[in-house]
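Every chain is named by a letter (A, B, C, D, E and F) in the order it is written, and numbering of its residues begins at 1.
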Amino acid sequence: MPETPKHEGGRPPVQVDNVETVLLTDLTARVQAAHEQGLRFVTATCLDAGDDYELYYHFAHGAALSHLHVRVKKGTPVPSISGIYMCAFLVENEIKELFGVPITDIVIDYKGHLLLTDGGPTTPMLKRQSPTSS
Amino acid sequence: MGELAWLGRLNVGGLAGVLILAPVLTGLVVFLVRTKWSRKGIVTGTGWILSLGALALFGFGAVRRDTVSFMPPQIPGISWDAVVTGLDLLLIVGFVAIGFLLRRPIVAALAVLQAGLVLWVELSHSVRLEHPPLYVDWLAIIMVMIVSVIGSIVAVYGLPYMKEHEKHLGIPDTASKRPRFFLTILIFLGAMNGLVLSDNLLWLFFFWEVTTLCSFLLIRHDETADAEANAFRALWINMAGGVLFAGGLVVLSHAVGAVSIQRIVESRASVVTNPIALVGLGLLCVAGFTKAAQMPFHSWLLGAMVAPTPVSALLHSSTMVKAGVYLIARLAPAFHDTAMSDMIAVAGGFTFAAAALLAIGQTNAKKVLAYSTISNLGLIIACAGLNSPLSMAAAVMLIIFHAISKALLFMAAGVVEHGIWSRDIEDMQGLVSRMPLTTLTMVIGILSMLLPPFGVLIAKLAAIEASVRMPAALLLLVVGSTLTVMFWTKWTGRLLTADPSVVFPRIEHLHSMYFVPLLMLTIGALGFSLMVVPLLTQLIVPAVAQYYRSVQSDVTTLVQFDNVLGVPWALVFGVLALAVLWPLLYFRGPRTQRTGVYLCGEQVETAATTTFRTAAETAVPVTIRGHYFERAVGETVHARWMMTVSIAALVLMLGAAFLQR
Amino acid sequence: MNPIALGALTLVIAPILGGLLMGLDRRITARLQNRLGPPILQPFYDVGKLMGKQPVACNSFQGVAASLYLMTSVLALLMFVLGQDLLVLLFVLALGAVMLILGGFSVKSPYSQLGSQREVLQMLAYEPLLVLMVVGVYLQTGSFSANSVLALDRPLLLTMPIFLVTQTLVIGIKLHKSPFDVSASHHAHQELVRGIYTEFSGLQLALIELAHFYELVLLLGFVWFLWHTNWLVGAALALAAYFSTILMDNVTARMTWRWLVSFMWTWGIGLAVANLAAIYFMLRVPR
Amino acid sequence: MGILGKARAKSPWILHFDAGACNGCDIEVIACLTPVYDVERFGMMNIGNPKHADILLVTGTCNLRNARVLKNLYAQMPEPKAVVAIGACALSGGVFHECYNVLGGVEGIIPVDVWVPGCAPKPEAIIEGAVMAVQRMQERASGKVQPSEDESEDEHA
Amino acid sequence: MARRTTIPFGPQHPVLPEPIQLKLTLDNETVVEAIPHIGYVHRGVEKAGERMDFGQNVFLVERICGICSFIHALCYCQGIEKLMDVEVPPRARYLRVIWSELHRMQSHHLWLGLLADAFGYESLFMQFWRNRERLMDIFERTAGSRVIISTCAIGGVRRDISPENLQYILDELVVIQKTLDDAVDVVLNDRTIRARTVGKGVLTAKQALELGAVGPVLRGSGVAVDARTEGFAAYGELGIEPVTEEAGDSYARTKVRARECYQSLDLVRRAIERLPDGDIAVRPRGRPDGRTVSRVEQPRGELFYFMGADGSARLDRLRIRTPTFANVPPLVAMLPGCEMADVPVITLSIDPCISCTER
Amino acid sequence: MMLSRVLSNLFSRPATRPFPKTSREPVEGYRGAVEFSQEECVFCGACALRCPANAIEVDRPAKTLKFDLFKCIHCACCAEACKRGCVQLRSAYHPPVYQKPEFEFSGAPVLAAEASPATE
């Protein structure tokens, strides 16, 4: 199927509701605040945006969702939130492993072996594979 | 037996003298002549002397076919009675001295108490001392054989052991305490022989206290704070037992007017109707309880574990604790068919079950062995309390088989300890691939303690069968034997847990002085079990018959077809041996593929085969800890009620003396 | 009958009978679960299949353990039919059980190890009951031999009713039926895989299965004893006990070893002892 | 052969391993055990332990991590044995054949005797596959067919 | 007491139909620590979702897991419909509810059976699975496949259910309910089962929220969260009340699922009753553009999709957070302190689905 | 409760379907084996384009169509895509095979028939 130019349709792109973009430096404090409000941590999402990573942290309060959005340069260490939400350890390991985001101090760190095995691909979710990966 | 008739003419007094005094003398030589070779030679030589002496005594008994009361060799100008009394007092002075030296006034106090009671007996006119003080019957012969043969084996095994022990502790040869050690051991053996050959309770008391002293010295041998504390505990508990013994003597000498066991047994008719006399016997039995480390007195034997292993082997198998059960068994005909006898059975049965329960929670191999000893002695005492020909046959069998197996086990445990420098059962996991030979002996030792067709179990079955007429004891025995199976099985399981990677284990090198004693006892355990029927008919039945002569019991029913002793045990042995052999031959060679264990598919093939891959792709070895159920059967969990119950049992036992049947 | 002939006959017939009963068990179980189930001969197919597998072992002791287990089961059954001492018989049986446990212990596999640990606890749960049953026999016959029961002219059940229950429980435990299947279960859907049997395979497992055939016959023989005066009633009783265990298997969840031990040591032993006490006082066994 | 062969044919014990399936095939395998299909009629038992198993049922796409488990399990099964690959995933990777962590089926990891196509195959197909595997095992044990190792090589050469 | 038992529990283990490993550290038989080791089923679906075109993705996401495949497809389709601004016809929305709820019932049956199997209650397992076969027959008849039914499509559904088949479903539901009554009665009241589930693996409401639990695990701890209350598909019209239990133990979770079976039964009946006539699908036009999240309620809990598209035929990002992924941390927290024998029961009590966890 | 249930099971007919002695009629509409009408096919490749599993390969110039049974996930997208109706899913399932069947056909002659030799 031939690729068509982006955003060509008449409609503007749909946006996620209830997103707040924050600075990396504020991230921990904001997550802490969410924790104190009793929000349930849903998950985190990572996107490979060229030179940057985009990270979403999804929270739920009852049925309502809210999201924190962070943009970081590739290579910048991202602090783990698993110290605040223990249950984030799985998704953080996954992001670290599949995207190569340097997340520091995960409570249970699988060191890149949560899902992937030696001899297989590394950081497979990146759009453009780094030359070291197989 | 024509050619052996000369045995019957042996001077039994002289023989007894050799059995009692030879080790003392050779011990002194070892102490004084401090060369390596002389020590080896003399200890081994003494072993031979004792064993041959015991064998000669056996021959004597076999030819004579009757009991003999006899005097020690007459030496003009010497009254042996006076000598024994003198030595006894000397011993008590020694205890007082120890009490002062160690600043343990209680020891001195107990010693003084003992002296007073003994003098009371000596000086009271009612006591007739003309009865020969020594006595040989089958029971005595069996005991002498055990003490002399097994004791000697342990002593010989102690030679290399103590050498390594001192090396381990970093004691230079010049400061070696081994001469003193072997002196004590040998005196111990002599005293035990004296103890079982004595008929006069005053003599018996003397030897009794010598064993107390020797065990104290042996437990204290390493002179660490721990050793001191535990030695002191052993000392005061046993001396307290001694006080009870002496107290019992006082009562008996007044009530029966005799201090000869034979006299007392012969006057059973008047004893069982006289509560005071029964209390006297009861006190002696309680003394036996202390020495046999029965609850509530068992703590000293557990503490004695700090001593080097040969000491444990000695204390548990052939000496010391056996003195306790021996005394009770010896006196049993005197209180045959009394309520007190029943209570003794219950008290013994209680210790049997309770100690087995506590053994389940122990990780320390020597402690398990200790609890097992306590438990088995409880069983023997229960048998004595059941006081029937069958139960007594069981008791005698237990004394024999337990001595062999326990000596074997302790010695094997000692070798293991020197192999892995640990006493922890958990550290023994997979020992079979590290020390196959020792493990084999150990496993045989363990299995011989709990499974058919080994002697201990046959005896245990006989004991259960004998206990049917006493439901309380029966229940305790059933419960106890089930618990026994549990802790032994768990331990054996640890030993046999092999890493599948080791296909043909290297046989470890064993010092010949380790190997030969182990081998002898292993053969003993197997051989005697194999020959349990002849052993029974030729030795134990006559012994029991002799024993219950005064009670007029029918012992011929003992070996009949429908009782445990009528099973063709040799045949069973053969069938089982076959079942062991064919798979060894069948599952061999290239036909059988050796595989790794099932680890849910994540077994790491290249490394040791019990490693698995796990989180973060790390390889982790499987570790499996045995279950000890500490929360259910830990010592502390049960300490209080067990103490209470066992003390109550003893009180009831003495109280039962006043219950006329 | 000539004891040798009787023994030989037992050797041949017992496994056939045991295997058929086990096949029946599988069939009934299937029907209870609304399924068709395997053929009645299935246990024999299984054993035959296992014998034909390539021998695989982790160590040479496993074979010894399996063989001893079989041998003791056979021996125990022979002692039973030849009228030998029942107490000895029980301990011969215990020897086999211990050997199987040691066989499980001999491999450093978590599942066979934990299975063995639990099997030890299982032994703890049923051994006393078996011994107490034999004691009950003694109280009435004055002897421990199996022959003495046959000499009795009234059924044991009249005086030992509780033992029908305890014996049924023992069969359930020995056959690893729910709720007692803590150390191993027939289908491996258990936390311990196949528990103590995990590491036995091929011929070794065949031997163990064969041993189960013998053991089943022996255990049912004990039930039969309760009404030996009429062998049909005895057999019916045995089958009823067997069917009860199958039923129990299908209407209970697996419990834990903790429950097993405490249940058997309170209710099991308690009831058995109560029954014995009743006999004891009724009969006033002479000293 | 005779009796033994019959016994073997009538008592295949099954080991099921999910090598990265979507569960679709796995539940169909389990469904075979249930009253409606009841494979125990054929003497089949889901034994769950490679050391007792005769037939290995594999579902799933296989990745490096479960491939080593699969190999280990296969190695621990004593001969004679047979392997059935179930579902598009086990056959080729199915819809996932291009995913980065997919090896593309069981082929090349362990030798396969019977292939059961479908996504997910019906229980009937799975039973049929298992029965075919028993036949294959039978033939191999009686020497009619080469041992599985060689076969897998020349079959896909 | 440093000595502990360390053993692998899985990946291949008869009580775990799926490969996952728990590294268990035991003290005697008490669990001290349980560390999950996963990655045995990881395929790389999120990446594949960026490679295949957005229409084909429906068949991909269905195969994330075969147990509630339809609901995966539903979640995906609803997200894409949001991105493409498609209005789904009412009949399709009701049909979606019918299939979803049948799937939920099927999944809960499956789970209740496996739970019974985990503590050796084989006959009960058989009973649940026998009943489940009836549901499978319904799928086979109405959707053309037993497991992966592939009836959801962007813009509606691929197949209609004929009136005869609707009647057939209603008839079968009567039988199903009868058997279910029996079996649920046992699973909730049998003394031995209660002994194995009551008080095992307790999770308080606070812990459950803190650890991010979803679905019956969360509702079993008394927190009424159910994505269906959002009213997607036809749930808004049908109305639904989350099923909750307070105790937070394995028994409560069992009870939640058992009660949800009845809830689903009811929903299916009502949906069939009110099923509107009309089209079953609209043809979607254009291509998805923008970013959105989509949430539905799986049998195992809340399913969360994040979708990014840039107007091309392929998605830019397809992020899938499945319920078990969220329930693993609570499991890791529940296991320590339990008995080895309870590990299968507690593990199953979150109704783990590994293939969706790892995608 | 369970007791009465299992007992009534014991005395009622088992739910087991006697497969393979008698197989059930395939359910109408079941997505079973994929079947091509080779005569009708024009090798347009629409089916291949839509197939999520890439199980169909169409070489338009060479006029060949290759179908890989092992990749097929039986989604019926091909059947939906083919307006000529020459791909159909039979309602009977495809039986297991000992070997991978080669299925390929081209313009005029059939290169290899649907081969699953061992199934008979």
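Heads up, the rule we're going with is that a residue touches a chain if its C-beta (ideal position, glycine included) is under 8 Å from a C-beta of that chain, and two chains touch if they have at least 3 such contacts.
Note that the coordinates shown come from a computational prediction; the quantities given were computed from them, not determined experimentally.
Trainee: Can you list every chain that touches chain D and also touches chain F?
Mentor: C, E
Trainee: Farthest chain from chain A, going by mean C-alpha coordinates, please.
Mentor: When every chain centre is compared against chain A, the largest gap points to B.
Trainee: Which chains share more C-beta contacts than any other pair?
Mentor: Pair with the most C-beta pairs in contact: B-C.
Trainee: Looking at CA centres, what chain is most distant from chain F?
Mentor: B
Trainee: Any idea how many Å lie between the Cα centroids of chain A and chain D?
Mentor: Distance between chain centres, rounded to whole Å: 39 Å.
Trainee: So the centre of each chain is just the mean of its C-alpha atoms; given that, what is the distance between chain C and chain F in Å?
Mentor: That pair's centroid distance is 51 Å.
Trainee: Taking each chain's centre as the mean of its CA atoms, how far is chain E from chain F in angstrom?
Mentor: Averaging C-alpha atoms per chain gives centres 28 Å apart.
Trainee: Could you tell me which residues belong to chain A and also touch two or more other chains?
Mentor: 1, 108, 113-118, 124 - these are the residues of chain A that touch more than one other chain.
Trainee: At least two partner chains per residue is the criterion; list those residues in chain D.
Mentor: In chain D, 17, 34-36, 38, 41, 46-51, 63, 65, 69, 73, 76, 78, 94-95, 98, 100-101, 119, 122 touch at least two other chains.
Trainee: Mark out which residues of chain C touch at least two other chains, giving numbers and ranges.
Mentor: 30, 32-37, 54-56, 110, 114, 117, 187-189, 193, 198-199, 250-251
Trainee: Can you work out from the touch definition every pair of chains that touches here?
Mentor: A-B, A-D, A-E, B-C, B-D, B-E, C-D, C-E, C-F, D-E, D-F, E-F
Trainee: Quick check: in the complex, which residue numbers of chain E touch chain C?
Mentor: On the chain E side, the touching residues are 5, 7-9, 13-15, 29, 116-123, 126-127, 130, 190, 192-193, 195-196, 339-344.
Trainee: Where on chain B is chain D touching in the complex?
Mentor: Touch list, chain B to chain D: 593, 595-596, 598, 600-603, 605, 613.
Trainee: Flag every residue of chain D that touches chain B in the complex, lowest number first.
Mentor: Within the complex, chain D contacts chain B at residues 17, 49-51, 68-70, 72-73, 75-76, 78.
Trainee: Using the touch definition up top, name the residues of chain D that touch chain A in the complex.
Mentor: Listed in rising order, the residues are 63-65, 100-101.
Trainee: For chain A, which residues count as touching chain B in their complex?
Mentor: By the definition above, chain A touches chain B via 108-111, 113-114, 117-118.
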